[in-house]
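Once you scroll down, you'll see the structures, which are given as structure tokens.
Below are two complexes that have chain A in common, paired first with chain B and then with chain C.
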Partner chain A sequence: MTPEMTRVERLDDMIAARVGGRGWLVAVLGAALVAISALLPWTYTDAYPENLTVYFYPAGPQLYVLALSVVALVLLVGERVDVLGRLVRLAVPHGTGGTVRALALGSFLISVGVVLRMIVLLGGSVNVDPGGYLAVVGALLLMIGSRVLPSDDPLPLRAKLPAAVEIAIVGVSMLVMLVLVVRGLALDEQESFSAFAVFAGFLVFAAARAGLIGWVSQLSSRHYGVTVAAAFVVAALFPFTQGGANRYLNVMANVLIFAIVAIGLNIVIGLAGLLDLGYIAFLGVGAYTGALLSGSQFSTVDWVPPFPVVLALGALAAALFGVIIGIPSIRTRGDYLAIVTLGFGEIFRITVNNLGGTGSGPDITNGPNGIPDIPALEFFGWNLGEDLNIFGFELGFFANYYFIELVLLAFVVLVFVRANNSRIGRAWVAIREDETAAAAMGINTFRLKVSAFVLGASLAGLAGVIKAHLSTSVEPTQFQFLESAFLVAAIVLGGMGTVTGVLLGATILRLLPEKLRFIDEYRLLIFGAALILVMRFRPEGLVPSARRAREFHEEEITERLAREQVAGSPVTGSRGGQP
Partner chain B sequence: MDLFFGQLQNGVVLGALYALIALGYTMVYGIIQLINFAHGEIFMVGAFGALSVFTWGSLQGTTTWVALPLMLVGAVIASVTTALLAERFAYRPLRNAPRLAPLITAIGLSIVLQELVRTSLPIPGGQQIFDGATRAQPFPQLIGGESIDLGVTSISRINLTIIVVALVCMVALIQFVNRSRTGRAMQATAQDPDTARLMGINVNRIIVTAFLLGAALAAVAGLMHGLRYGNVDNRIGFIAGLKAFTAAVLGGIGNIGGAVLGGFFLGLVETMATTYMPGDFGGGAWKDAWAFVVLVLVLVLRPQGLLGEKVADRA
Partner chain C sequence: MSATAAPAPAPAAPERAVPVLEAAGVTMRFGGLVAVREVDLVVNEGEIVGLIGPNGAGKTTFFNCLTGLYQPTSGEVRYRGTVLPSVSYKVTDAGVARTFQNIRLFQHMTALENVQVGSHTRTKSGLGSAIARTSNFKREEKGSVDKARELLQFVGLTRAGGTLARNLPYGDQRRLEIARALASDPGLLLLDEPTAGMNERETTDARDLVFAIRDRGLAVVVIEHDMRFIFSLCSRVAVLVQGQKLVEGSPVEVQRDERVVAAYLGEPTGADESDEEVLEVLAAEERARTAEPTPDHDREATP
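Coming up: the complex of A and B.
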């Protein structure tokens, strides 16, 4: 294979030829210009959200580019100053090159986005003050300059701090995440939110490039139990940040259901490698079980057992379905398995749609109307519909469900992690990697694949029971194929076989559409395009497991190794991007 | 007996449409082992291509002999362009990726095409295509007139047209694959792409040809579907695509004759089940469910299909 240059590499070479050794200077100049521009007005009218009209008083996007450019400036200048240089090196263990590139791209996207939006929203470029253009020019210079900075040169991270300090660092970084999320949710204007989302995204990206994310995740895996506990504590703090407002608690309660189901599916897809495209049916079985036993006046069953019994029955019913669907399905492999499960999922939806007693079957599920009016859960004398008062905080319906779901999520994560580290989990991974070889090693592939199916199904059944009560009605349209596609997308986007990745993927897929109402009409279009793009450019997902990443980039890695061998040393030099 | 012959006719027509779409699945699968999940959407795009030519070209009032060829050209252009773009920019970069990747890309592509048609396809008058609750767009009924008497039963003109057109397409395709240089190159590539490349066959061109032929046949099916059923919406491709895929597997995926056989078989089973299934489980409400049952049974019990050879490892 001839090592062809990608377009980005060719562009970098062109920049290197023009700018030469002056890259650092150009970058510093650009960062300084961006910082200055943030102190100037970007427009003269306050019709644009967040008032960008005042001298020396940055707001919204100005604040974001100011923060990004100042960090870039400190890194760039600090690196060249004797004492500071060592400090910078400590703070940015992977080297400044990649970090500054990420910061530059972030400030460029924000400033260009804001200027373009101003032109569209306010009607013409006359509404943009020089400050706005200065920001764009500065960010462009920063980008160009940063392309020719030396590329990342990872420093091995062996430093050990006292355990308490390490735990504190993990806790603080989680709190930072919570603050970012809460702050983002509080921004109502779509312009404000988009700018903030880009800012937060590139801040995290820059931290990843700097090696800080890797460092924190190293620390957290050193203190795994504490980290997981801290994560749940931080998540449990969320309802208290909402000041009694229900809007985002409702959204987050739905995000959690989605996340629970996605982790259940991750056992099937991520661990056992069985692509199930009809998984939403198991959620449906749980939801219909919950709805039928809820005492709703539209339910065709009169029995209303206590909640723990319903929960157990929901899981049991889903598990039973898992067996029924699983045994025939897993006789097939790969693509065929995906299509068979898709077929079962659709058969489930059509069946519950038809069993309404109107000429297409007996009345069991109330047909297309579904089962509405599902009452709130009663849980050991605690009615989830009633407000709860903790430390003077009013917590309503959605907050109560949020807490219940958090407990269920903790349980599902525990099941996933324990299964992953068990003998069964290793057998699943072996089957995923090479079924024939696994069978030859004495693994009973049939039984293990069914067990993955059944375990995943019963977890979805649990989530379904709670979902029925949360959304107070259950209808066939909630379980169409697209929902299964969303679940698979959450796993693929986040990273197969990892918990963090799937949680991240589920949150992004469910939360962003809620915030970006302006894309409502194009929501599905963007979703489909994102699936294609992720498969094209980052098939291993946002937070990949190490093995997956290697699998998907096998060719590139072999190529790089070959190139390194030819060069006799690791590739360093003018080229940007990560190795 | 009239009911039986009527349903037989409907079944054969439905089967002809399934078969036309199934050919696209089977050709692409035979060559690069890719389930082009978005192929049903190519069929849908074809139907809308034909409809757009009709509405934008102000063909209302022209004779069928003018309108129909123009609509066919529109359908083929729309489908083939879409399929070739998909091949070039979505599938080709993933040719050596793990098998999960192209399948997920195909699902994404399927959603993108459905939504593009729903949100962005312009129609005369300026409003968006699916404003309000109605999803279905009326499709011009160009082939009407008296039914033709065949003695025991009569056949409507549109049904006869579909059957004749489908048969002509199938025969032409089989001749092309068996007789022409490109067709034989396709067979060689399907057998062993590496050896085919060594023999001087441009494998990329062959893959593009397979996509192109499949899309053209799907476009014909799209036009015929519109003419037969009177309206089209952006979701006709999903179910039709899945059923055509079932037909392709039923006949043995990768096998061109098998796809035709599977298509007719599935069309007949579906229509007959709708009519003759006892009790509450017949009728339109369960129609799709029975098709999926056939899909599951075929994939589980006879994944190699009726005519296909035993395939060892499909993982």
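Coming up: the complex of A and C.
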């Protein structure tokens, strides 16, 4: 047991000693106070973003804590009422304890954050009205009370609903995610956005604690194909929410590029277990290929082939580069591989930096100036630089790139999933698990590792070609080591070897700095801290892979098997019950 | 379960012995130290051969030489007449499969996936067909699942298919390793201490399993410390002491041999060999193990 754990337990013991059996009462009181505080003004000046000065008219953070506390209140009270109790149990299959704790922490963080920010921004605690303090006190009480609530007691989720209803539930939860993202993007003030981000984050966290996320993911795995299709449809709806504006379409287009590359790298790291720290170079190869063949006036190549050809050439060039880098690097293992790939990544950047014709080499890449002025993509008469008009909806021209990237992402996900569920994918995972045993099982480890490396590289090459057109200029500085590190961070944060997790990790890592400009300066500091927290509290990443998830639910499964077992066969599942 | 219905040890006297494995003069040297010296071993079809010897006698080193994990300093290993290359995956491809002394399963894969990995060399579909999901791929994938299920059933793990290897009980992990080795359709199976850490009941099950494997038409070589297990299982036993083959013969012959008794009781077998040498062999093997040379490309590093 780690010291942190015991400290939390000691705290819980202390709370239990003081509060005793009155935990529920304290929690209810706290939730009620928070709810009331949301109806009071938190400050008297409207200098703070979103007007928090009006009685009985909650705005921004007040609304968020109101929502969180009302949900907590309903769960707490409903549980004790006979008829409602069963409904609550159904809505919160994992038990209310963990859910309320998550809601409590969320409202506490929001109220404390807002009050502190008011003091800093408005200059002194005079500016905080009692409502603000009441929210903090209420949230604190809610937290204390919820700590001594009985802990979770998961109900097995095996209820089957009609398929259409199940699919509808999955679809609706995806739409909720879309609405949360769109709402969040629409908030311009950093204070408003931060409060909303915490709110949304803890809403999802509470849903996970309640067992709802697990339930939805169970439903979605039952209707896998439909779910994936629905996810892409929902993602394709995003441009329509932007009302013709380009700003966040551009941001999201960049997020998608990052996500595509992260999925590609996930093949190399998550499946084959090869820690590649120079992966951004493959994106660079694709980007330079795209830029050189784009017809930009700064390109040193005059040939402008049609886009599909460029795409194929970009993938091919990156794959070739992957072979060149892979064959020597893959002879090393573990840390050495990481260092060698890091070196190759830097070699790529420095090489394109020096191929400007100023020294002894030829002029291919324009050196540090890069290749600017890359024209918009033309694709079967479809100019991606023009605004779109679909069914009367005006979309900014970045929507073009967004849609193309969505298609590419679908392709990359398809490649990832299908490769994973195949003989080759199993061999990769086997190599990751135990290379010597894998070789003894007849796997040509060297060849398979190179194939993972090259497949990952070619996917990054595809993304690179589009990136060149998206950002209209390609320079060596875009392909620094730091970018590779961020890709690895996205994978670790989201969950190695998963698609959903890596998409989530990539989105968080790219979107948050766009919204929170102040993060930009402290980006490395904050991400470093976030990674440490993830490693400490959730080493499998935000979304654990199916294999990891199986590890957690193993006991459940073996118990069920043991129950199903008719005769006493001594061999299988005999250990399941004993923890 | 076919494993439990296995017969008692059959006298291994086929009319004409067809050699499956012929190891001739296998020597493995780690620097100045000879871990295996001039060992010959012939395994015939349908035979179960035991390989015994005190700790550090070089049994596992010899196994590693047979399976291409080490390249023997001298000597050659033939499987059904053709010389085996010293490359691990090629040896498996040729038809020699093995298990490991310290279980080396793919921990985070399910039991079924583990066995499917075992059939890697017997399936051919590549990345392209996997991504395109061609009909060939689907057929092969189904075949590999069916075969894996059959093998799991064969070793008595019918219900464990969806369980992660690391969550299986110890004895089941040993069985799973055998199923995984069998998935490569080998003609010869090398078992490195298959009953280590097992209780009596499990040991009996393991013996029945080895008989069942023999009845599938495989030749088996077993390294073991459990003498009762070896003598009730094998038609022929070879004793390895300090890297050299001391005796080879039927279980009865070996049990009676004074030199074997002496070796096991720790009496020096030769004037120039001492306990330090045994320790040195142990240490060298340990070093080799921790260095984990890859079969195909790191070999140059270990001369």
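To be clear about the criterion, the second predicted complex is superposed on the first by the 538 of 579 C-alpha atoms of A that agree within 3 Å, B and C clash if a C-alpha of one lies under 4 Å from a C-alpha of the other, contacts with A are read in each partner's own complex, and residues count from 1 in each chain.
Here, contacts are C-beta pairs under 8 Å (C-beta built on N, C-alpha and C of every residue); 3 or more make two chains touch, one makes a residue touch a chain.
Just so it is clear, the structure is predicted and the values come from calculations on it, not from any experiment.
Participant: So in the superposed three-chain picture, is A:361 touching just chain B, just chain C, both, or none of them (first/second/both/neither)?
Facilitator: It touches chain B, and chain C stays clear.
Participant: Just checking: does A:331 make contact with chain B only, chain C only, both, or neither of them? Give me first, second, both or neither.
Facilitator: both
Participant: Is A:488 touching anything from chain B or chain C once the two structures are fitted on A? First, second, both or neither.
Facilitator: First partner only.
Participant: Applying the touch criterion given at the start, work out whether A:415 contacts chain B, chain C, both or neither, answering first, second, both or neither.
Facilitator: After superposition on chain A, A:415 lies in contact with chain C alone.
Participant: I'd like to know which partner A:435 touches here: chain B for first, chain C for second, both or neither.
Facilitator: After superposition on chain A, A:435 lies in contact with both partners, chain B and chain C.
Participant: Please indicate which partner A:539 is in contact with in the superposed arrangement: first for chain B, second for chain C, both, or neither.
Facilitator: first
Participant: Is A:527 touching anything from chain B or chain C once the two structures are fitted on A? First, second, both or neither.
Facilitator: first
Participant: Just checking: does A:347 make contact with chain B only, chain C only, both, or neither of them? Give me first, second, both or neither.
Facilitator: A:347 contacts chain B only, not chain C.
Participant: With the two structures laid over each other on chain A, which partner does A:514 touch: chain B (first), chain C (second), both, or neither?
Facilitator: neither
Participant: Touching chain B and also chain C: which chain A residues?
Facilitator: Correct list for chain A: 331, 333, 435-436, 551.
Participant: Using the touch definition up top, name the residues of chain C that touch chain A in the complex.
Facilitator: 67, 69, 88-89, 92-93, 97-98, 100, 104-110, 113, 116-118, 120-121, 123, 125-127, 130-131, 133, 137, 140-141, 144, 156-160, 162-164, 166-169, 171-172, 175, 180-181, 184, 201, 205, 292, 294-298
Participant: Touching chain A in the complex: which residues of chain B?
Facilitator: 35, 90, 93-94, 96-105, 107-112, 114-116, 119, 238, 242, 245, 249, 280-281, 283, 285-286, 288-289, 292-293, 295-296, 299-300, 303, 313-315
Participant: Would you pull the chain A residues touching chain C in the complex into a rising list?
Facilitator: Of all residues in chain A, those touching chain C are 331, 333, 414-415, 418-419, 421-427, 429-430, 433-446, 451, 455, 547-548, 550-551, 554, 557-558, 561, 565, 569-575.
Participant: Touching residues of chain A toward chain B in the complex: what are they?
Facilitator: Answer in residue numbers: 275, 277, 328-329, 331-336, 338-340, 342-344, 346-347, 350-351, 353-354, 359-362, 435-436, 481-482, 485, 488-489, 492, 521-522, 524-525, 527-532, 535-536, 539, 551-552, 555.
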